[in-house]
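Next come two complexes, and both contain chain A; in the first it sits with chain B, in the second with chain C.
Let's look at the complex of A and B:
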């Protein structure tokens, strides 16, 4: 095939035009804002006493099976989140583990469950929209009827939250859905409802963020009122403020999340990953959106292919192809 | 409460002081989980001149229920139950005996038809026409049926009356049956226990006197105020269970330190009763089976007490987290199991054997080939 100078210039011009139209790749999709009625949980590790009432309440509210550990089957003893455990209290311990909320020779609890990201990677990765982010409450929910069991969500989640029922013949993905069935009825997440100290606090995300910032300004050792169960419950408990790290985990991590954490121990020690402010989804979606924006690139590609093929057909002619028929 | 009524009661009760009497009423209200404001109402009910008669029938039982009711040392309890309810017939406590007592019962039943409370103690043998328990020459089952028809309310006291108890244990040669099963179609309140706590019985009766109705019952006919929670949930040894500290033998170190008795066969995790909360006989803390170091044997729970072997471990109704926590990062996989190692070993062995055989055959084939060429 021979491309003339004129043809080459034509192609270059079209491609250049298309490129000029496409925005920068990483900015292909705007940053997701907080949904209008976004609800979430503020977990304050300095208030957590490790009673595990939240784990019991979670299993009851979501009708989950208990998970005996490796020893005797007397307790519900999950070691990690699993297809039977949506919410777990874990313990960090260092050295002699004497003082709470201290990284060295101290200990701390941490509560792990779905973070309900503003820009959830699982929702983006799901090819069949079985995982969706509620446009109002922002709760990342799961529809088992749509799920095809591909487990892309498991790979996509930066917090390693969605779990798969490996031991089931009709497996589902299992993750915390913020007790959306209770929230729909005007209730709050079961884990927050039973928390005796207010370490797990339910409420609108904006309110929780303000509460978290209030706590960061507290003077260590001084007594303050801390709301219990939910911001709207009106109940408070007095505690002496602990030593907080100047960091609200979930405020900016991977585009931000509706679950926020406060702690006196570095979050990486509590098993929470260090994440960039920009969500992975934003980057991935940006590339996708840029490629397919206005179908410009696909059309250019298609046009180019058609052009090349036509050119070839016209130069080689039917006689030669007829000769190849016998092969 | 009219003062003159109280004076009459006070005289009957060895001059009980007004203060002690109100204390009793308050204790009763508390044990039923009622607000303390109802204490005066209870006082009014029990000082009413018209006290409901109680007919107490004893069948296949050991009289432990009656004994346990008399045992509490709370001031004047026995006087109260004998004088505040009109106990018209009870074989253990009757002053009269024989035909005299039977006649008193007949008269009371006739005079108070549809007004008296029938209490059944002991199981009702039904096999062979009920000949295994005869009272006054008549089968006990007949007496119960007749009396229940005329009673305002029926209370089955003790495990035997509730479902047959020890008398109905396998192989149940006498066809022992509990009152609720025997009196089909008639509401029966069960106060199981071996023996039942006297306060649970008294509270039920006083509830009836005060509110003119029976307390809320669970699916097995037991008052919810007394049988609403598992023993395991209120047990003073529960923290030891959560922390995994168990007595494994009577008299071992754990047993001496008051550790959890689950591994000795304690049936607390599947038995509903308020024993750990109200204790027995008012002699202070620890006065209940588990408190004394003996596993609960599930006497208030049909299918557990007298049915499960004493040292068989209980089924846990609700499995909750232990007192320890998962570490932030948990190890995955449990290493190589013996079976897996054996399987791998077998595989390696087979492969090695096959390789050796192949090598030998090849060597033989080579030899044959060489021989062939030579010949």
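Let's look at the complex of A and C:
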């Protein structure tokens, strides 16, 4: 009788372990919807002239150091996003690079910074909630008082956005926070404010998405009004519509983001990763949820283990099991 | 019961002095890291934010330190009391492996002085895999220290304290089985978040299970290798029948692991990547050969009786398991954008330094505390 029960317990314990490892996805993890007052940026590569005014404004607004390139340190010339550069304009060029927004024998600009994901991997990864998604604005912000510098956010971010101050003795994680300090005062992101052509456009994400869809329906070469700075600014400029790819990057990528991009050149050529609609966070968290939801499995396992081990001590005694009193 | 006694003998042996020197060099570079930042010592970068301090010292190191966990499982859950002579030395290795993995994390953490934020309710992120891993490992280090406390108490004849500890020890033994099951599998879940950056040869929903299985097999392998080393190094008889017995079921665990490992890649349709001839494919093959060969060897009872084969097989399992984990965290990881990572000399010395400290602690304590079973007696207890 006792043997039977013991074997049963043994099975439950090992079964619990096996369960703990099964790659089942929990259904319980909710999809992340757009926060009520979600703001973001629509970047339209066909409007961008590569003037880099946004990069200068970003440095000023966020009090970032300049990052001289190779050679004489005369001006800010970062090669890529870094712990000193939150926002960058990069250039794609193919063949003779003659025509703008064309993949072959053409060129295009692209602006890179934090995408402010709807289901941010960095926020889910961070063990100390140093990275958080604002419940209202949806801005993914950073709190250095919480951060322990484990850099899991860097591993997790599909866009390689968070940067670390490798040369500092008190290093921080650095990333675009959508100028949340300006937005809190009713302002807009510095990069959008200075953009002379409206290529970087600030606004509520729903409005930006509608604007992006409007542009995809434009007839190439015809003149249209394009809002500048922000959707609510009232400023418009007239431009000829460029040739758009039928794809709003960020609408669905990795569960969607609050930064959206339009381009005439495939986004992978511009250095943006091709991502599935289901975020990797959802996959990883699903497994974690399945195992640890309510700590049920670990507690059951612990109970089983305690039961078995106590039984070992009382029934077999230390003389036979030979371990208890001395482990 | 198992009789154990301190090994005695000269602590400051020649290997001890060499290890001491290595540890000191490591400490020197650790000092540099704290004075001038991680970048001054390490080759890590924004594309490869985790280097060997995490991949080797923690992810591989704690698996090597799973000997105590693996044996405790046999002894307590599967009621194989005869293995208990091996348990204390294994627990001691686990203790140093985990404790130093903990220190390595502190060296690696950018903002180490705020590390306690993890346990502050206002900061804790219960949804973070890292949160769980960090907490579990920290708790397990404590549990390990409590589990080896009887050795200290025996040494200093604190019988009353010992009796009191024995009454609650069952709880810590249970925790000692639960915690590694949790965090060793979670070390697999942890890297799943890297998504496309991790090659499909390693990225799978089975990562938690494969990591747990690899920890268990590596744990047993370490017990065998460690016994062989202390038998040669300290000129003691080898616990041969015990090792032979342990090895009889190891190939079955390995078989299960390899079936899951390879069939999973196959089902997802990525097996051709293994034969692409590039470094990732070759490392995948090497990793599985290092585990497959010892499996074949250990299936044969005749080979299991041969000490040299036993040792080589166990060593190969250690290497294979380590390579699996290293590949998952470093070589199978590619953030794109042209990033590269290769550890710098000082960075490697820090890892060597930690390894040396582990060995030093082990060498010192087995001589001073009743850790190793007393094999001079004819009748070995428990078996």
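The definition used in the following text is that the second predicted complex is superposed on the first by the 290 of 327 C-alpha atoms of A that agree within 3 Å, B and C clash if a C-alpha of one lies under 4 Å from a C-alpha of the other, contacts with A are read in each partner's own complex, and residues count from 1 in each chain.
The rule is simple: contacts are C-beta pairs under 8 Å (C-beta built on N, C-alpha and C of every residue); 3 or more make two chains touch, one makes a residue touch a chain.
It should be emphasised that the depicted structure is a prediction, and the values quoted were computed from it without experimental measurement.
In the superposition on chain A, A:135 contacts neither chain B nor chain C. By the touch criterion defined above, A:80 lies against chain B and chain C together after alignment on the C-alpha atoms of chain A.
By the touch criterion defined above, A:271 lies against chain B and chain C together after alignment on the C-alpha atoms of chain A. Residue contacts after overlaying the shared chain place A:234 against neither chain B nor chain C.
Of the two partner chains placed around the shared chain by superposition, chain C is the only one that A:164 touches, whereas chain B remains out of contact.
Contacts of A:221 after superposition on the shared chain: neither chain B nor chain C is touched. Looking at the superposition, the partner that touches the larger set of chain A residues, chain B or chain C, turns out to be C. By the touch criterion defined above, A:186 lies against neither chain B nor chain C after alignment on the C-alpha atoms of chain A.
When the two structures are aligned on the shared chain, A:312 is found in touch with chain C, with no touch to chain B. Annotation: chain A residues 80, 271 touch chain B in one complex and chain C in the other.
By the touch criterion stated above, chain A contacts chain B in their complex at residues 50, 52, 55-56, 66, 68-70, 73-80, 88-93, 109-110, 269-271. Remark: chain C residues 1-2, 4, 34-40, 42, 44-47, 49-50, 75-79, 81-82, 84, 87-88, 91, 108-112, 114-115, 117-118, 120, 123-125, 127-132, 134, 147-148, 150-151, 154, 162, 166, 169-171, 173-175, 177-178, 181-182, 185-186, 189-197, 204-206, 208-209, 212-213, 335-337, 381-383 touch chain A in the complex. Contact residues on chain A toward chain C in their complex (touch as defined above): 10, 13-14, 17-18, 20-23, 25, 80, 82-83, 121, 124-130, 144-152, 154-156, 158, 160, 163-173, 254, 271, 273, 275, 279-281, 283-285, 287-288, 291-292, 298, 301-302, 305-306, 308-310, 312-313, 316, 318-327. In the complex of the two chains, the chain B residues touching chain A come out as 241-242, 244, 262, 316, 319-322, 324-330, 334.
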